[in-house]
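In what follows, subunit A forms one complex with subunit B and a second complex with subunit C.
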Partner chain A sequence: MSELVTIYIDGQPYEVPKGANLVDVAKFYADNGIPVFCYHPKMEPVGMCRMCLVELGTIMRDRDSGEVITGENGEPQVRWFPKLQTACTTTVTDGMVVRTNTDAVIEARDDMIEFLLTSHPLDCPICDKGGECPLQNLTMAHGPGRSVFYWEDKVRLAKHVPLGELIYLDRERCIQCARCTRFQDEIVGDDVLAFHERGRELQIITVSDPPFDTYFSGNTTDICPVGALTTADFRFEARPWELKDIASLDVYGPEGANISLSTRLDRDAGGIVIIKRVMPRQNEAVNEIWISDKTRFGHHHTRAAERLTKPKVRVGDRLVEAEWDHALEVIRKHIKPNVSVGAIAGPTLSNEDLWELRKLAQAVNAGAKLSIYPATMTGGDIIAQVGVGVGTNFKDMGSGTTIVVVASDIEEEAPIWYLRTKVAGDRGAKILVLNARETRLDHYAADSIRYDYGAAVSAVNDLAKHEAVTNAENLVLICGAEGMTLEQHGELMNACANLLVSTGHVGRPNNGLLAVWEGANVQGAFDVGFSTEATAEMMAKVPDLLFIAGCDPIGESAEAAGLSKAKFIVVNSLFDTPTTAVADVVLPSQSFAERDGTFTSGERRVQRFYPAQGVIGQSQTDWRIFASIRNGLNGSAVQRLTAGVFKELAGEIAAYEGLTYPALAVVERQFPDVGGDDLYYGGTAYQNNGGLGVQYPATSEAEGAKPSKFATKGKKTSYKGLTAIPVNRLYDRGYLFKYSDELMQQRIGEPFVVINPADAANIAGGSRVGVTIDGVQYEALAVVSEDAPKGFVLMPKRLTSQPGPFAPAAIETIEVIAEPVGA
Partner chain B sequence: MLIEKYADRIEKTFSKYPDKRSAVMPVLYIAQEEYGWLPDEAINEVADICDMDPTQVRSIAGFYTMYSEKPKGKYWLQVCTDLPCALRGADKFHKELKEYLGVEEGGTTDDGMFTVEHVMCLAACDKAPMLQCNFHYVENLDMDKMKALLDEWRAEAKEDK
Partner chain C sequence: MFSGFWMTIKHAFMDRPTISYPEERRPVHERFKGRHALKRYDNGLEKCIGCSLCAAACPADAIWVEAAENTDDERYSPGERYAKTYEINMLRCIFCGYCEDACPTEAIVLEHEYQLSFTNRRDAIYTKDMLIDNPPEGREGTPQTVEPGAFDRSIPDMENPK
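So, the complex of A and B:
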């Protein structure tokens, strides 16, 4: 803990950490909200808005003796600054005296509000921010209620300026606090917003192409203290006071970002409660108060028109709608003793779903294969042994910490980890990037190490001698699987674990391994007993009876086509997909928004989400569907509540021992205090009232634990000829995100491949090419760039409706289908 | 392309600064010299050269008044009309110059030769009326001298063609 000093705020003494910011301290310790517009607890202070003016002084001490000088009445003498000071640019020191409620301070606030309002439009009734607007609130609290300025002189500017597709700027409402530009610059590192001109002409601009191109743009609307930045998604959709907030979790990434679903009864949606917007929910250990645009705007699938509303049963070569009882009956009829069984779980199934799926599959056949889709990464058990220690928080990482990112473009694969890694780097942490190609994180890296695709393992082994690793006090490895087969990734995970164990960086906070899982609950699936190796085995020998839930393997992965050979296929799905097309029974399941459950994040944090949206059609929770099938099967008792399923699970899975729903819902006060009524301070991110979750300990954290050795064969794979490397992109046409609204569709863009200039002899950038792999042609836009290493073609996954390769694959031919437009 | 045409000058500029980003302002001047003002094309080139986002470069161009974001004539005449200069007749000179060229404040002649605007103190009060033409001082002016200079510049421009 840092050193404490005593300061006096409005006459009261407080013990506060030395060097802390005065605004933060006054708020957290003295519950004294010094009003601010430009200051934000997550960013460096700039002192631009002058709203936080206070009277500041220090207790006088004798120069020689250091004794406190007292006046006639024995009170310590205070040396006051002659003028008011900005609290936000002040760090606390011992004996600091602050007055926040004197006439001078009140008058100053009064004046600042008056100045701000000289040109701020009075369109609160149609402003999306109205009702949760810091300017509105602070005007009510501190404003003069009159103005000496002529309203006619107010500046008139454009009111509907699109900054990219997702964000609208209202130039008149902007009060020039620079929070958005500083967020983009300091926190994200995409400095695509800036001020233009000066004085009264000052305006926010973006001239980047494409405009406001960043994965975090939505966060600027949260921290905007006025309605200048609003999202296209929520524009004119609802008023904040009509919304009910339900704690939930991101369903796309492994980071476990905490979100809050703002819901409302909606006539247009058929009179059910729907999600009107997604907002961040503060969890300082997970996502602080930031979420990616995918998390924020990717909620439309929950009520897409394509949602399945009734079960379907195969009759001949058609799927026809049926009642639940009939559908379940049909399934039970096909469950015979000793039938071989496989289960494929998608990455968005909750732990409860997975538990019931496992119980069902094993009830039918004890040797059932339990597999995870997508089967691109492995090593959930390794994470359970040497994953990051309990209490790990990127926020605590700085000088002395080394963060290594291997084989992952984490900006695309885990944007919150990207953001937090980048900011840790700014605080002094060393970032090492190991990849076969350049990624955005290289820009912030202390060292970028390039290996050839196929040689990642030896690159990690060589790290043991790297100065940034040998000198590291704390070491975190973030491991992806780009350009690897499942087997190669297993080797890499072993190599990473080996490095951590051999250098002693396991079993304590801010040390250990993270895997960039492709989805929200892949770690949970591993924990409950599912594996990706089982998927590979299943592809090799397709079982007779197949349960597929929460994914679309046949529609996305070229390797999964063989699954359709199973004799009887049951698919739980939100939508009609190529996978449901080969099913014998299709059961409509519920999205994360309609139900409750738990996800386990990549940091092994088990977190709860809660029901928010009205149920669509006759859809059912996945675990309930599995329980219903099993119930009729052998009469075994099933749980009635999600909490009951979790309790059962926690009783049998050792890592989850002792975890309960109430324990996961515990919240405590976080620093800085964001949310609540003090919107001006941290923005409109929500206070966490749904639970901070519990990180279960890795086995290497146990008292006296000796982590086992992890062996690697160190075998290199070398590729001959042109090879396709499937890569992940944040915005894709995957199972859920495909059903986003038009807003996100524009951002996904059309399919493309990246070819190195040396390999693109007769291919011009911008032409349409056909890439043939394994006899299948994939059409895409050709991007000719050094981003792809020589001999390799980067092929983003899931950009078309055509299933593509998920592992490196030899390219037979690339031919030009059409020359670039305009060439 | 600036990077090709002014490779030497840009290289020399870079050598004066710790990183490329810091050299953005001198490089912007080079771009302005080439284009006469700073169109989006110039901003994008400078952004490429200095390894910055175009938005940041545009922001810098917007903040400083010596970067022009609107097309200017070949000769950019900035007349100082602050108080000491005005006392020596600079405001009258400014007005007459505009009338002679037939332009409004900040306007450009139809032939694209001259842009006239008034500016704040150029620190040459003792030699007023004065102006700066493409950032070079021309001092102790009156309209006769000015007319001669304008003809000279016109001739110069013709030769350049």
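So, the complex of A and C:
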């Protein structure tokens, strides 16, 4: 879109990118909001609502000479379309002339609003959209003020139709713009919504079972230009003008999705400010304006009843509540100089927390082990070398780009990347999926390559000869760790890096490696000096003193059980978990909503989040807790502000050099301008006032950098007998998401395992089975399906009541506990 | 001097303007704006639908509303939404009546009660229980159990302009 053309809007000339949509251009360059309902800049225009009618013409040119034909007064002559045209279906061309304020246009808008309102109910006072509703705004701006239609002819329809558990439909309010159905079809690829009937009877219905079955349903409520679709979560919680939007970040995924927390005081929560809803915040380079339902509805853990409010100290075999001073004193007394120390950082700790944890651990013992939980993936250093180039944006990927997804069910692990990869595929990018089993992305893949679990490395090595890779102008590799041990994943990351380096796809935008980290700030943890190899070492040889923060290893992972052998364990936690149960001191930490900090996304974008919610009990931020303990040990200074900690960190970590809080908070105007406070397109809180973040460059981007070679052994592992493959599921019972409200608990569902029909000789689908691994029996629902390769059983992580395996594990037995209901 | 005495004598026999408040009270004008009341429909349901428009209109930020959802088993007001919390801070209120104007269901009305005194700030916050009218004679209060679908509209129906 670099070529510029001149168009005239209401007589003024504007230089605009050729081929852009007229509505977007008029809004962005001329600040002329042509009213729209059905048009949305993220979707194909359909011209259904007829609200954007304008007068359109082109400057006349002589056919032979190409000269502009001028009239008597020397003005260029314009050839007008005989009738009004829809601006949303028009792309700009050179010499286009647009009039948006003539009598004909104004009358057309008047009439369209009048038609739309013939059957729209007047329940704005109770509508969740009231106050940020495009229909309200455009009625005020363009409506006729009176109607010639009879009130008695108004159509009455159902007002309370649950489309699914999360979304309610009010049929009366719907203006049939088809934004929701188009979003599901075009962007997500789950065509679960559809129009039913025709004319006055036209209705939105859901065509899936269970209803509205998608991970992105919440986005339809954002783009709905009226209050027809509302979320069950926010229903009647507050009016939009009463909410205060605070910029924040998703705490669940590696994508670093930008969100706004809409907050308000709440009586039932004890008079503190709480999160009423989570809205996407526009960041065109990260999540555009989409977020997954987990991000949107998974905020209830921040004020769950189970939140810890006071420190706890072990007395005998019990943990008793204590004051902060006492708890810190107990810790100080137990720390002997130069004991072996380990620190385990969860994926939700901010960079500042990690930095202070590192300082604390190294203050006790310079050789402290700094480790990351979950220890399923490695290669943070590889990402720092050959990660995607600065300026990488899925939005720019189209024809000529190849996106390879290796060993990841990306829809479950990084839904925003799934969505953006899928849309890039629609634009012409080639998607290659390498996996041992079929995933959702295979539907959109140019080629699906199957390997056996344990043979991913050779599959990646073979890619070098693949036509989609050799012909690729740009190449992005997205690497997961499904069905791998930590060591195997290290090999895979090397193989991926090797492929990129050998084909020259490093060090520039839209090229490089992405890792589907299990959590929001795993990349930050690698950057600050933590590693997953240290976790593995620590599990083999447990140190005497252990700091665990922001995770629940003992409750989630079977491999972590040995950690309880440490002599003294300090746990920072939001909740009482199996990990806090073995701790000697438990310190209540704050959730992401109560504090500020920075996360580094999988794309190496450092982004800020801000305090939104009132503090629960006596909880403190993790970094302050670590700093207080360190201060108690050696009296070294404690920073007063999070910004100070970050400044210290940026001074020490080379990659973060030059980054400051103000730099991370810079916001530039984005095209299309969905996030304006005039609620132009969407009517929701997309506005980004918290900063776009800064992507720090990979080392391969430095001038004259020669990326090192990455060696792989290419060793295949073969599995004998039935093997359990732990897989990630978006809705799980992980450390934070477990404490969601009822709405999400229903979505998590009960534990299940997927068994290939060939392996399920005497197991019927739907029966309850006990899967025994390493002497532990896991009870789950059996799903018999080809989704699981022969010889393997897919076992979602963090669903079962006991901690499950995080690496492939041999299954001892599978026994049927109960036959399927009704069999 | 005599004219002066005359004035005194005349006034001594005139009607006294002072009344012995609080035993006696002066009548107020029909349009007098005193303490608010939340009204009910004749069937006992609350008129208030918890829309918060009064709070938005309030220039003194004296009103606090939190809404919740009605069900047919537990119905407070017609339609889907009702006010779970409704509070007015009488120390803040300036009795301007904007809330009355903003109300789409005529639920909040400034009545003639003007005797508002408190001994601490907390007492100045009038809760929903204190503001709401008693149910009409012979009608039950809220919540009520009603026929499914009988009250699905929040706002009373409009008519064509005459």
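Brief remarks on what is shown
We adopt the following convention: the second predicted complex is superposed on the first by the 816 of 823 C-alpha atoms of A that agree within 3 Å, B and C clash if a C-alpha of one lies under 4 Å from a C-alpha of the other, contacts with A are read in each partner's own complex, and residues count from 1 in each chain.
Assume a contact is a pair of C-beta atoms (placed from the backbone, for glycine too) under 8 Å apart; a residue touches a chain by one contact, two chains touch by 3 or more.
Everything numeric in this text was worked out from a predicted model, so none of it was measured.
Of the two partner chains placed by the overlay, neither subunit B nor subunit C lies in contact with A:Ala540. Once chain A of one complex is fitted onto chain A of the other, the partner contacts of A:Ser208 are limited to subunit B, with no touch recorded for subunit C. Looking at the shared chain after the overlay, A:Phe195 reaches subunit B, while subunit C stays out of its contact range.
Touch criterion not met for A:Ala366: it reaches neither subunit B nor subunit C. Applying the stated contact rule after C-alpha superposition, one finds that A:Trp241 touches subunit C and leaves subunit B untouched.
For subunit A, the partner touching the most residues, choosing from subunit B and subunit C, is C. By the touch criterion stated above, A:Ala637 is placed in contact with neither subunit B nor subunit C. Residues 49-53, 55-56, 66-69, 79-81, 85, 104-105, 152-155, 158-160 of subunit C touch subunit A in their complex. Contact residues of subunit A toward subunit C in the complex are 121-123, 125-126, 130, 150-152, 159-160, 235-239, 241-242, 266-268.
The residues of subunit B lying in touch with subunit A in their complex are 40, 43, 52-56, 58-59, 62-63. Listing the residues of subunit A that touch subunit B in their complex gives 190-198, 205-209.
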